[in-house]
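For clarity, chains are labelled A, B, C and D in written order, and residue numbers in each chain start from 1.
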Amino acid sequence: MAFSDAIFAIIITLLVLDLRPPDVPPGHLLSGLLGQWPAYVAYLASYSYVAVVWLNHKAAFNRIQQTDRGLHWMNLLVLFTTALLPFPTIVVSHALQEHDKADQRVAIAFYALIGASLCATWLAFYHYLARRPDLLKEQVRHEFFRIERIRALAGVLLYALAGVLGYLVTPLVGLAIFLLPPVFYAVTSAGLYHFRFIRRISRRAPPSAG
Amino acid sequence: MAFSDAIFAIIITLLVLDLRPPDVPPGHLLSGLLGQWPAYVAYLASYSYVAVVWLNHKAAFNRIQQTDRGLHWMNLLVLFTTALLPFPTIVVSHALQEHDKADQRVAIAFYALIGASLCATWLAFYHYLARRPDLLKEQVRHEFFRIERIRALAGVLLYALAGVLGYLVTPLVGLAIFLLPPVFYAVTSAGLYHFRFIRRISRRAPPSAG
Amino acid sequence: MAFSDAIFAIIITLLVLDLRPPDVPPGHLLSGLLGQWPAYVAYLASYSYVAVVWLNHKAAFNRIQQTDRGLHWMNLLVLFTTALLPFPTIVVSHALQEHDKADQRVAIAFYALIGASLCATWLAFYHYLARRPDLLKEQVRHEFFRIERIRALAGVLLYALAGVLGYLVTPLVGLAIFLLPPVFYAVTSAGLYHFRFIRRISRRAPPSAG
Amino acid sequence: MAFSDAIFAIIITLLVLDLRPPDVPPGHLLSGLLGQWPAYVAYLASYSYVAVVWLNHKAAFNRIQQTDRGLHWMNLLVLFTTALLPFPTIVVSHALQEHDKADQRVAIAFYALIGASLCATWLAFYHYLARRPDLLKEQVRHEFFRIERIRALAGVLLYALAGVLGYLVTPLVGLAIFLLPPVFYAVTSAGLYHFRFIRRISRRAPPSAG
C-alpha cells in the first residue's frame, strides 16, 4: 500500500512538470498562457484520473485481507499503466497546441488507448479478486468485486468511445469525454454495489466492509 | 495523511528543478547566477508556501477524528491547487528574467490567482469542518475551524492584493507581498484560536487539542 | 524500509519523464510515436527491473530481524545503483533512435554495465547476510541468503552477456536480453530456495519465513 | 520523520535527472559519456551528501523524545538547504564540462557555499537540541548534541576550504574536497560522542540511546 500510494502521489505531482511558461515573444505572456488551455484540460483530466485511481485502490485494499503473488502482479500492472499516464497527457497537450488536425486525432486516440488500458488492468485486478474470495475480508460479499468489474468495463468503453469519436469526428469531442471517466469513478468510488439498481441484480444485502 | 504528506514532499522538492545553470556566454557564470535572483525569490516564496500548507494540513488533521467522502474531496481540492504551484512559480521566475513589464505584470497576477485559489480551497476545507463538528476529536472546540476560516480568508485577500498591486503598480511589489502569506501562516499555524484577541471574540475557553 | 520504498517508487515513476512527444514535423505524430519504440522497450526493461528489485528488497527485509551499520551501507549501495538506472535507460533510448551503430553498441554496453553493477551490489548484500545469520529472523535457514547469491550472480552474467553480444554482434540482441533478468527475478522473487532442485543441493527443509 | 524521509528520498533520486545523454555528433557517444565525468563526480558527491544527511537525521531523531515548534522550524531549515543541493550540483557539472576556468571557480565556490550552509543549518539544529535537553529521550546524555555541533562545524569548515581552494587554486581541488565531508559524516554518523578522544574531553559515560 505504501509503495502504491507513493507511486500515485508521484505521478499526480509529476503532471505539473508539463505545465511550462509559453514560448512566446515578449509582451505576449497572457495570450500565451491562455493559448495553452489544452494543456490545462489534459492536466485536469489526468490529475482527476490518477486521483480516482488512488481512491479506487484504497477502496479495493480496504476489502482485502491478504495478498498473494498473483494479486501483487495485478497491482504492479495497474501501477504500470497509471505510471504511463503522463506520457499521453503531454502528447495530447502538445498536439492540441500545434495546428495539425491529423496529429491531434492521433494524440487523442493514443490517450484513449492508454486510458482504456488502465481500465483494462483494473478489470483484470477486479476479476482476480472476484475469483479469489479467500483473499477478502470476511464481511465482504463475494459479489462485490464481480460487480466492480462493470465499473472497469465502463471505463474501457468510455475511453474507447473517446478515442473513436476523437479520431473520426473531432479531437475536442474526445478531449471532452476524457473528463467523464474520472467523474464516473469518483461518484461510484465506494463501489457500484452501493447503488440500489445494481444491488437488485445480485439480490443480496450490502457489505458492511470499510 | 501519508498520501497528502508524500504529495507535499514531492511538490516542495520539485521546485528546485526550475533552478538551472544560467544560459550565459562563457566567463559570465557569476553575473548569470546573480541575474537569476527572481528565480530564487520565487523559489523561496513557493517553498515556504508549501511548507506552511503542510504545517496547516498537519494541524488540521490532528484535530480530525474521522474523515468522510466530503472531507476527502476537500482534501483533494487543497492538494490540487498546491500541486499547481510550481507552474506559476516558473512563470514568474521566467518573466522577471525577461525585460518585458507587461509580461511581468501578467506573471505576478497569475501567481496571485493560483495563490489565492489555494487559500480559497483552504477556506472551503475549514468551512466544511466548521459545519461538521462530528468529524472532529472530542476536545476540539466547535469555534476552532470557524475561526480558522479567517486565516484562509486573510490569505485570499493578501494574494489578491499582491496581484492587484503587482499588476497595476509594479511587479516587484507583488513579488514582495508573496513572501508575506507564508510568514503569516507560519506564525498562526497553531490556529488563530490561540491568539487572545481572537479568543475574546468567541468568548470561550481554549481547546486542549494537540 | 520506508526510505528505500520511497526511492524505488520515485525511480520507477521518474522513468516516464523520458517518454516525450516525438520531435517530428506536423502531420507525422503517428510515425513519430511508432519510431520511438526503442524508448518503450527501454522503459519496459527498466520499469520491470526496478519492480523486481523492489520485490527482492521486500523479500529480503521480510527475513531480516535487525539491521546494523554494515547492512545499512549495503542497502545504500543497492539504492545507489538502482537510482542510476534512469541514466543508461535514456542513453539507450536516445542511441537507438539515432542511426549510428557504433553509438548503439556503446549505449547497450553502458546499460549492461549499470545493470550488472546493480546485480553485483545485490551479490554483496546477500553475501553480507549470508555471513551474518544473527541479523536474520529465527526461522530463516542460514542457507537462504547463501543460495540467493546465485540469483544475483545469474543477473551479473546475464547483463554481461547482453553487453558483450550487444556490443559485438548487434545492439538489438542486447536490448532483447535486457528483458530477461526482470523475468528471471520475478519468477524467483520468493527465493531460489523454494525451487526443488536448488533445495536438493543444500539438503535442508524449506524455511517458513514470510 | 515520514515527511523528511520522503524529501530526502526525492532529492537523492532527482539528482539522476541531471545525468543526460551527451550532446555529441553521431559516433562519439563513448567519448561523450567519458567527457561527462565531472557530472558523475558531482552526482557522487551530492548523492553521498544527501545519504549521510539522511543517516544523521535518523540518528538525531532516534534521540528525540518530542518535538516543539522551534525544532520543527530547525528541521524545515535543514530540509530547505538539502532540497537546494541539486541546483549547485548541476551548476558545477555544467561548468566543468565547459572550458572556462573563471566559471568553474565560481561554480565550485557556489557549491561550497550551499554545502557549508547545509552544515550551518545542522549546527543550528544541534545547537537547539543542546539547549533543550527536555526534548531528548531520557537516556541521552546532555553532552551528546553539544558535541555533535563539532561535526557540523567541521563540515562548514571543510566546504569553506573547498570553496576557497577551488576558487583561488584550481577547481578540481575543490571538487575533490567535496567528496570528503560525506565520508567524514558517514564515519561519524553514530555521533562523535562514540569516539574515545572526544569522550575524554567531556569526561562522561557514553549514552546508551539507539
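Operating definition for what follows: a contact is a pair of C-beta atoms (placed from the backbone, for glycine too) under 8 Å apart; a residue touches a chain by one contact, two chains touch by 3 or more.
Bear in mind that the values here come from a model prediction, so they are computed numbers and not experimental data.
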item	value
Furthest chain, CA centroid comparison against subunit B	C
Self-contact between copies subunit C and subunit D, residue sets same or different by half	different
Subunit A on subunit C, rotation in degrees - Cα superposition, rounded to nearest 5	90
Approximate Å spacing (C-alpha centroids) for the pair subunit B, subunit D	28
Where subunit A and subunit D are represented by their mean Cα positions, the distance between them in whole Å	40
Subunit C: positions in contact with at least two other chains	2, 6, 10, 14, 17
Pairwise touch network: line, ring, star, complete, or other	ring
Contacting chain pairs - touch in the sense defined above	A-B, A-C, B-D, C-D
Partner subunit A, residues of subunit B touching it in the complex	2-3, 6-7, 10-11, 14, 17, 69, 72-73, 76, 79-80, 83-84, 86-87, 90-91, 94-95, 98-100, 102-103, 106-107, 110
List of subunit B residues in touch with subunit D within their complex	2, 5-6, 8-10, 12-17, 19-21, 26-30, 33, 47, 51, 54-55, 186, 190
